[in-house]
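The first chain written gets the first letter, and so on, giving A, B, C and D; residue counts start at 1 in each chain.
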Amino acid sequence: MELEALFSLFKKPFTVKYPFEPSPAPEGFRGRTEFTDECVGCGACAAVCPPKAITIVDEKKTRTMRIDHGLCIFCRSCQDICPWEGINLTQKFEMATLNRAESYDEIEHDLILCQGCGKVITTRRHMEEIRKKIEKVGLLDKDRNNIESYCISCKKDQFAREAIEASQPI
Amino acid sequence: MSLNPLISIFIIPGLLFTSVMTFLYAGMYRKVRARMQNRRGPPFLQPFYDFVKLLSKDSVRPEKAGALFTWAPIIALASILVVPMLFPVWGLSFAGDVIVVIYVLNMSSIMLAVGGFSSASPFGAVGGSREVTQLFAYELPLAISIVAVAVRAGSFSLTGIAEAQEVHGMLFYQLPFACIAFLSIVPAKIGLQPFDIPEAEQEILGGPLVEYSGYRLAIFTLSNQVKVFTVISLVVILFFWQNWWMFLITGGLLWLLFIFIKVISARVKTEQSFVFFWKYMAVLAVIDLVRVVI
Amino acid sequence: MLDKMVNYCRKKSPWLLHVSCGSCNNCDIEVLAALAPRFDVERFGGVLKPNPRHADIIVVTGIITLKTRDVLKRLYEQTMDPKAAVAIGSCAITKGIFNETYASYGPADKVIPVAAYIPGCPPRPQAILHGVVTALNALWGE
Amino acid sequence: MDVVVQFGPQHLALAEPERLKVYAEGEKVINVDITMGYNHRGVEKLAERKTYEQDILLVERICGICSMSHPLAFTQAVEDIAGVTLPERAEYSRMIIAELERIHSHLLWAGIAAEIIGIETLFMYTWRDREFVLDQLETITGNRNHYAWNTVGGCRKDITEKQIPGLLTALEVVERRTEHYIDSFLRNRTIRARLVGTGTLPRDDARRLCTVGPLARASGYAVDVRKDDPHLAYDRVDFEKIVLDEEDNMARAKVRLLEVFESVKIIRQAVAALKGLKGKEIAVPVKEIPPGEGVGRYEAPRGEVFHYVRSNGTFYPERVKIRAPTYANVQAVPVMLEGDTLGDVPITLASIDPCFCCTDR
């Protein structure tokens, strides 16, 4: 140690030049969590988030999904669960802010409301994805093509009504 | 060698010269220490920034603080500033000023202890008592080695000692043991490892300085930094004097040596430093004193 | 002119007081790591001071537990003006993963005014450096 | 003159809020009073309100330095309930991360201990070299600490082929540097003056007070969960239990630094084993946790971590109990401090490598 201290005097210091020079995080670093364009707004990430940093607010016809970076613990649970690669932990780490209200990332989605009762079914993009998947398996009923119009309880009602109507004569 | 006394007091080697050298030494300390620890370290002017910032900050006096709380830093600074005026670099001179130097150097240490005691904090009290203990530990070898130098040079004034060395060569060659004893005292005197026991930040949070803030802290810190320059210059004058520019260079080199020692050593305990100074260093100093007297 | 110089000096010499108020120790370690040779906060004049009387910037980590709330408050009061507090890590900003616990009084800005927030769990030392520099620039000018 | 010196709740040498009341006679320590609980965050209660997967991330945040040990013990407890056998790949990669953590923890301790006795340079050097380990952890797991590596039944990520060369180089650096630090600790006279003969904990006391980890091993009381109750792949790798019987602060420093070599040895073997493994599977899917009880033990850098989990068949655990190593070790501090001076208090307290956030949870 003694000699090392002496030699260090003439050696280049170990110090990095950051903040004057970028110091990129390695690949796979768990940094600032951001929604990507792939997000469909299904809300799986909000369900698994340990600190409940992702909130979903449905207002009228839009759904706002917001991740609070002050609350986020950068654990990658959301990214692991997301089937659509709709949320990503980026390599950004410079998140310092003077205004607490600024540190968030949000994404907005159009909502589909039930035509019967006006309740939220899901977001438009989520529905499109579901439709694609169902079409792929070939389960989509040609007659009943309006899966996005009614919520489950309304659909039950409608189905029952149709059944009653069908059995009306006699 | 002395010019107008006013110049001596205010310009060289008095206030102006001393303050420039003080910040130079302090900046060098921060920078060299950082580089020895393999990091880049603060800018050279860092001690100056710290000083101005501390002056601009609020300063409080604890309710239970003693009367000397405010005066301790001021007396410490004032007393330590006397020493450089006596340096043989166009400074003042009178017979027996070495005695004044010893007295005045102790004054600053005592004021540190007094400040600690009067700040009504257990850390301050422990720091103060450690400072006094430390003073007792190194005072004996310090006094003996200075006396040895004075006797050898045949003069009790700094100028006289310097002149004697100009004629007969450095006293280091003639009094190596006393010189070693004196060098070992320097870290204790200026509060560096291995003997920074009173100020131990990790143990007692900076000891006597614990309750100081704002301008009081700035003055105390400054007085400590002036002490660094003063004590090292004193070593040069007493043992390594050649001429005034070699005085600056030797001082810088010595300071490098002490920073190096600080960087590579841990803080020892009070009783260990006591044993070190009384058992070994005092004996070394006495050997040289006896040699000189006989 | 004098004001400018004083502000410059303040910016150049931030002395940090590190207060851990019930954190997982990790932000504390990263604050210390920022002092170590790799990141070396001392480049910006930052020194860790053990004592509130000497400090300028209070670095708060951890959820403020019920037991440390008064400690934090007292330490903030003991610090001399001008001063600022920086909250490091998710815990100090919003309580992070512990946000449903019974043992916390609230995030740091509920107890003391906070000047800058550095999110991360824990933030990289680079992020801490960035945060400290941001806070200093905001407090005492570019 | 009796002095009561209060260390903490905020203190440079502790870094964690904890209060230590030291009753001293002049400089001599008579008695020590430790007040804990400043760090209590209610983790055990909180764990009952989160799912098992979320709990892993929660227990990870009990402590920043043992952020692999707690999840390991917790997942073991849960896997114990579910009756899962891990894929071999997961066992080895968990072990690699855990041992990397041990290395960085021990280097960190050496630095803190050096800082406390006033030798700042050694602190700077050890923390500089610790960065090599942290870099590897960052590339492998995605964060310098808090690895988010575990899941019930395996790991969440795999160590890729590309990361291995970097890891091995870092190990070489660490090994070379650690030799250097042992040399420094043993040779530097001022460090010896502070560490040798202070904070003595006799073997009988170490046993009586149920100390664990390096503290116990430095007092000649050989406990090491990795050997005594092998799990993961610890019975398939070759390493030694470091036991010294010098009983003082220096012995603890030596035990920790020597353990770094053992960890390096373990990681090398694990990496070699990982290369030879055929299966690419890193986790067994665990569909449900049946009702029951499980325990997990792991030798954290500070000693044995013990987790107890009771499940009632739902997604949420019914009870989680955590016992941290410092809880056992901190009882030994008053014994260690007997007859020492005030200056020895911080270093002796630090010599147990206290982790109060584990203890308070």
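Throughout what follows, a contact is a pair of C-beta atoms (placed from the backbone, for glycine too) under 8 Å apart; a residue touches a chain by one contact, two chains touch by 3 or more.
Computed from a predicted structure; not experimentally measured.
More contacting C-beta pairs link the chains of B-D than the other of the two pairs A-B and B-D. Relative to the centroid of all protein Cα atoms, the closest per-chain Cα centroid is that of C. Spacing of chain A relative to chain B, judged by their CA centroids, is 64 angstrom.
Annotation: 43 Å between the Cα-based centres of chain B and chain D.
Centre to centre, using the average C-alpha position, chain B and chain C are separated by 34 Å.
If each chain is reduced to the centroid of its CA atoms, chain C and chain D end up 26 Å from each other. In chain C, 36-38, 40, 43, 50, 96-98, 121, 124 are the positions where the chain touches two or more neighbouring chains simultaneously. In chain B, the residues that touch at least two other chains are 34, 36-41, 201-202, 205, 263-264. Across the assembly, chain D contributes residues 11-12, 57-58, 61, 121, 124-125, 128, 146, 188 that each touch 2 or more other chains. Contact residues of chain B toward chain A in the complex are 32, 34-41, 260, 263-264. Those residues of chain D lying in contact with chain A across their complex are 50, 53-54, 57-58, 61, 121-122, 125, 128, 135, 138-139, 142-143, 146, 148, 156-157, 180-181, 183-184, 188.
Residues of chain C that touch chain D in their complex: 17-30, 32-33, 36-38, 48, 50, 52, 62-63, 65, 67-68, 71, 75, 96-98, 100-104, 121-122, 124. By the touch criterion stated above, chain A contacts chain D in their complex at residues 1-2, 4-5, 14, 25-30, 48, 50, 73-77, 80, 89. Within the complex formed with chain A, the residues of chain C that make contact are 37-40, 43, 90, 93-99, 109, 114-121, 123-124, 126-127, 129-131, 133-135, 138.
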